Each structure stands twice: as C-alpha cells, then as structure tokens.
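Labels for the chains are A, B and C, by order of writing; each one numbers its residues from 1.
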Amino acid sequence: MGRDRAIQIGFVGIASSSILVVALIFLFLFKEAAPFAKHPGLAALLDNQWIPVSFQKERFGILPLAAGTVLVTAIAMLVSVPLSALAAVYIAEVAHPLEREILKPFIELLASIPSVVLGFFGLVVLAPLIKQFFGLNTGLNALTGGLLLALMAIPTIVSVSEDAINSVPATYRNGSMALGASRMQTIWRVVVPAALPGILGAVMLGTGRVIGETMAVLMVTGNAALITANPLSPVRTMTASIAAEMGEVPFGSIHYQALFWVGIVLLLITFGLNFIARRISVRYGMMR
Amino acid sequence: MVKNDTPTGPTAIEVRNLAFHYGASQALFDINIAIPARQVTALIGPSGCGKSTFLRTLNRMNDIIPGVRVEGDILIDNENIYRDKIDVVRLRKRVGMVFQKSNPFPKSIFENVAYGPRIHGMNDKGQLGEIVEQSLRQAALWDEVKDRLGNNAVGLSGGQQQRLCIARALAVQPEILLMDEPASALDPKSTARVEDLIDELKTKYTIVIVTHNMQQAARVSDWTAFFYEGRLVEYGRTKRVFTNPKEKQTEDYITGRFG
Amino acid sequence: MNRQLHETAAVFLLRFTTYAIVGVVGYILLDIIRHGLPVINWAFLSEMPRRAGSEGGILPAIVGTLYLTLGTVAIALPVGIGTAIYLSEYAAPGRLTETIRLAITTLAGVPSIVFGLFGLGLFVLFCQFGPSLLAGSLTLACMVLPTIIVTSEESLRAVPQAFRQASLALGATKWEAIRTAVLPYSVSGIITGAILGIGRAAGETAPILLTVAAFFLPKLPGSIFDQVMALPYHLYILATQHPDTDKVLPLQYGTAFVLLAMVLGLSLGAILIRVHFRRKYKW
C-alpha cells in the first residue's frame, strides 16, 4: 500500500505542474515588465500614443494598441457570431445525421489551419479583393484583419454552440411540437433560448481566441498604431505589436518592458474572458 | 431481535455490529451474521435493502467510493478486515468477486483468466497455462473455449462471459467467492449452467450470493439472509426460511407481497 | 401557406449560411493546393534555401518543425498523461482539483504570443538556454499541454468502470488496475490527443518567433541548443519581410502547402486512429 500511496503522490505532483506553469507565466511576465513601473512609471502606459522608437520622446501608450484590438475584434465578432449561430442551429437541428457527421468535422478543420497560413491567404487573396472593392491604396486594414479573425472564431463558436444546442433535452422539443408549434418556432422560441448560456460561452471562447490571435493580424492589418473606428483604416493590435517589435528591441530596455506590459494586459483580458466562459458553463452543467 | 439458527460447522466470515454510512445517510444497521465455510449463503431482499452494499463490505470494494464509513467488525480467518492493519489487496485476492454484469476485459480469453495471476507476479508461461486450464475447467467453460483461447472474450455469449468472469476470479485461488446477482442478465439456460456451477464450486469455496430471484435462492443456497431497509431481518437455513419464516416481513417478501 | 413559406425560407437561410462557411473553408484549401502543389518537387523538399530563401528548397524548415514538434511532444506527453490520470482516477472533488482544472482552462486560453513572451523570459533568458530548440520545445509544450490533458482524460473516463472494479476485485492495487485495465483501453484517445498537440505545435508561429526561430539558417541543427528554421516562420518571413515578395510567391505557396499538408495530415491521422481503435475495442 505504501507504494501505491507514493504513486498517487507522484500523480498529484505531475498534475500540479499546470498550476506551476500558470504561476510561472504570471511571474515571468511581471518580472520582465517590473522595472517599467519605477521608470517611466505605469502612468506612461495610459498615453494615447504608441511611439516606441523616437528621436525626441518615446511614448508607450497601450490605448492605441488596445483600440486596434477592440476594432478588429468587434468586426470579427459582428461577422462570426451570427454566421456561427445560424450554422450551429442548422447542423444541430436541421441537417440530416449523415450531413451533420460531415459538416461538423469539416468546419472544425478550419480551426486546425495554422494562423500563419490564414494570414498568408489574407495577404495574397483577401487584401487585394478588399482593396479593389473599396478602391483603397492598400487592402491591409482593420476590415481585412477582422474578416480573417472571423474565420478563426467560427469553428470554435459553431462547435461549442452546436454541442450546447444538442444537449437541450428532447422533452423541450416534444413539448413545444405537441402544442402545435412549427419546427422553426420550436427552434427559436424553445431550443435556442435553452441553449443560450452555452452559445454565450462559445462566443466568449471565440472572443478570447480572436483577441489572442497574432500572426494573421500581424500580416494583414497594416500595423499603424492609430486610435480609430474606421474599419478601412490600418490598425495595430496588441498581439501584433509584441510579435513585430520584440525581435528588434534590446533585452531589458524600456521598450522591451513596455511590450511585456502589453502581454500582461492581454493575459488578463483573456484570463477574464475564459473565467467568465467557464463560470457560465459550470453553472449550466456543460463542463465537468 | 434477529432470529438465527446459528451454523454449527466452521465459520468463514464473522460479522459483528456492522454499520455502514454513505456520507450522511446510513445504508446498513447493526448487522450480525456468521457465514459458514464451504456452503452457499444467499442474500435476499427488495432493491435498496442493503444486500449488495453488505456483499461489497466483505472485500472492501466499497472503499473505492469516496465518503463511506464502516463501523463494527468483519472477521475472516480471525482477522478483522477493517480494524487491523490489513492489506486490502491481499484481502481481495482471498475474497474473489463476480459482478452482476459480466465484465471481461477486451482481451483474449486466455489473457482474461491469466490477468489475476499476472498482476500477482506470475510470469511463467507453463504455470499460467495450467492455472488458466484449471480455472476454466472449474468454471465449466473449458470444453467450449479450449480451441479458441486466443479469441477476444468480448465475442463470447453472455452466459459464457459470466462463466469466464468466474474462472477469472478462481484463477487467483480465493477462499471466498462473492457473487452479486451473477445470473440476472442471463437467459434461463445460461442461468441453469451458472447455478449448477455454484453447486459444484461450494465443495471448495465459501460462496455468498446476492440474488433477486427467490427460486434461485431456494435452489442454490444452504443458508439465506433476508435484508430489509438496511437491517438483517432473518437468517437461517434456506429450507427453514422459505417454508417457515419467523418474521412477518420475510414471509411477505418471499410470498411476493412486496418487493 | 404563408407559414409554410416562412419555414422553407428559414431553412434555406440556415442551410445557405452553413454551406457558405463550408465554401470559404473549401476555397482556402483549394487555393493553397492549386498554387502550392505545382511547386512541390523533390528538390524543393530536400534542398537548402539559397539567397535568403528566395531560391532553393525548404529542407531546414521542415526538419526544424519536425524536431520542434517531437521535442514538444516528448515533454508534454508524459506530463499531460500523468495529469489526465490524476484527474480521472485519483482526484477527489476539492480545492486542489478545482485549481488544477482552472489552471488548465487558463493555459488553454493564454494567447500564443504571451507564451512566446513567457518562453523568452523563462527559458531563453532566465534558464540561459538562448533561442534554441530546447527553449522552443519547452514553450510549445506548455502551450499544447491542455489539449493533451483534455483528450487523454476523456478517453480514460470512457473506459468502463467495470474494468477497474474487475481488476480491483482480483486483488490489483489501484495503480496496477490503472496500468493494466484502464490505460491499455484508452491508448487511442491518448494518441489522438498527442497528434492534435503535434498539429498545434507544428502550426504555431508566435511562440517560436521569440524563442527559437531563425530567419535564415541554411544548415541542419546539431544540438538542442541550436536555433532552427521552422515552416510557419519561414512562410511569415517569405510573405512579409522579403524585398521581392511577388517573385517568391510560388515558394510561399509551396511552403504554405507543405505546412498545411503536415497539420491537416496529422488531424486526419488522429481521426483515423480513433476510428480504428473504436472498431478494435468494443465494449
């Protein structure tokens, strides 16, 4: 029995390594970012401009980067949420079982396409289309980025929402049908409302994925750190700033520290979103 | 309170003042019973009466459920299996168990029977072969499967699977065999085979069997214990319990008035 | 009549949306296959790149990605399986289990670029591995850990309780029961998880950007402390940093095709393995 106990303790140790990794992530992000708080001070992060390399005065305001992330994310969600919800309803409620078996994995396939490949596709196919359609000088803007990110959010939202719709008990449907409701009435008035928490959780997960996505936006958003609401304007997101600039900064410099602060903000946002999504799904019994 | 005709021969399992709790609820109350060696003892009673829970206290299979608490003593070979610093693994080797639903591993027939000896450290191919044959013979399955020991056990019929599980339990050479409704999922013909088998096995093993089927209890057992709402209501020779029950509840149950 | 029309229109809208998504996925795949496949030949796959990648093959990027993914799985698989075993077989409901689960969900949601920052801070700088295969594999391993844990746990839980009971009733210790009556029947799920993890590691760019990837390094790695080229990073560089991007467009498509084929091939493999094992073990 002593040996069995030792084995169990070993497994506790291994399983705890996930906690350790999360702790280390927070620790090392803060460790690298910390000196910035002393000089130039955290207030510098609230500047409304991001000009990390300058002959006059460097400025490290995260706001324009956050604005870029918000704009691109908003576009992506506006496009992906309705499309994904409709597709999830179709797959769960309308599609023939065999059709369902093919459609779901196929849409999930989209999730396994590497983001750099999608970014490449955006660069060589989508951006020229956008440029031509709107008569712009360049197709590298928030809209192109948002559309690509919508593509990345769709499989997550479809897949998780479809599960949620599927787990609505058949008794709900039967009850509604027995009252003489049509199939569509049943779907929109009974099934979808019952699955709403799950769909909401799916949207949260999708949003988290979109905010954290790096390569596709880096390649197609034009990378200008502007505060704007114009979807046809180039923007620079938080993730893209880190990816683009980290390779060129001297380790330990103020710019380097500022980029770690951008990472911390990103981490906190996605952590919050995941936490809420998890709370929703635990509350409605959709996750162990 | 409990009407006992106490067994006179050697006792295999002695249970004293046993109580069993699942978290806040109590499933067994003050059980006292002496189970005779190399005879068949049937545990009967309506669903939820505690008979299966009681069976599982005898090899401590309840241990794997979190939040259980056991009070009282169970003595096997004068060893208190709950109080003393006992090795549960060694206990389960001595007290084998056959489950309600046959649960062979999706491996070959041979590997199923050899599973127990293997985990107890036997690796000699010849010795294993002997044990497998002997166990399958005892379980009256040898003639049906001897030409296809390498086949997957999942391909056997329900009755064969259950006899395979009995052979698997016998292969670790237990002294006591616990059976939890071993025939409830079987057709009448397979049930008869398993019952015949129990009759043969009792010459070598102490058998405790939980059954829902009164006729089966009457057919296969020497002793019968009737459980009701977590209590042992009546215990005695099967013939006597079935023909002349002393308790009203027992009579009601065996005559089919409830349950 | 009106209601009937309504119903038909609604179904049409749903179906149209779904197949529009399918159409876009199909178009992307087709576009890359159509332009990428013609570029693929033995020389492209087996030669060193020349002139900063604008000529020649992509061998070091393929080898680099291969090594990186193997390193990732070698690190993440044991930890992932161990965690899954703990969660499915040992964990009692309580604060520790809750915390472990929260940590896993958190890890699953950490943006890949943040993993890059973390790897840079911990492995490259603090542990002084430098930008290297080792640092990259460790970083990617942290990233794919949740995938491996979740799929492995699912497959462990799918093994019938009856197997564990049968084994314990025969006198197996808990660990013996897990090792002999649970693990063998969850191999398919574990392999699936590992493959999905490999697929994810192979396709990621952001974490390796900061921890391992070399812009142009026309030689094969000699040790785990070497930098390597990697397919996703190579594609990124060719597509955005090259002075003459249009001229190297075929090379970009070729690289994208190889990367896509690798990642989707792994996903497909995972599906096939699952189907195969489901047929083999039925209970």
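Please note the rule applied: a residue touches a chain if its C-beta (ideal position, glycine included) is under 8 Å from a C-beta of that chain, and two chains touch if they have at least 3 such contacts.
This structure is a prediction, so every number in the text was calculated from the model and none was measured.
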item: Chain with minimal offset from the mean of all protein Cα atoms; value: C
item: From subunit B, the most remote chain by mean C-alpha position; value: A
item: Top chain pair, ranked by number of contacting C-beta pairs; value: A-C
item: Approximate Å spacing (C-alpha centroids) for the pair subunit A, subunit B; value: 56
item: Approximate Å spacing (C-alpha centroids) for the pair subunit A, subunit C; value: 18
item: Cα-centroid distance, subunit B relative to subunit C, in whole angstrom; value: 49
item: Contacts with 2+ other chains: residues of subunit A; value: 1
item: Multi-partner residues of subunit B (each touching 2 or more other chains); value: 89
item: Subunit C residues counted as touching two or more neighbouring chains; value: 173
item: Touching residues on subunit C, where the partner in the complex is subunit B; value: 92, 160, 162-173, 176, 180-181, 185, 281-283
item: Subunit A - residues contacting subunit C, complex; value: 1, 3-4, 7-8, 10-12, 14-19, 21-22, 24-25, 28-29, 31-32, 83, 86-87, 89-91, 94-95, 103, 105-107, 109-110, 112-121, 123-125, 151, 154, 158, 182-184, 205, 208, 211-215, 218-219, 239, 242-243, 246-247, 251, 259-260, 263, 266-267, 270-271, 273-275, 278, 288
item: Subunit A-facing residues of subunit C, complex; value: 3, 6-7, 10-11, 13-15, 17-18, 20-22, 24-25, 28-29, 31-32, 78-79, 82-83, 85-87, 89-91, 96, 99-118, 120-122, 125-126, 142, 145-146, 149, 173-175, 199-200, 202-206, 209-210, 232-233, 235-236, 239-240, 249, 252, 256, 259-260, 263-264, 267, 271
item: Partner subunit C, residues of subunit B touching it in the complex; value: 59, 61, 64, 66, 89-93, 96-97, 99, 101, 103-106, 115-116, 118-120, 154, 165, 168-169, 172
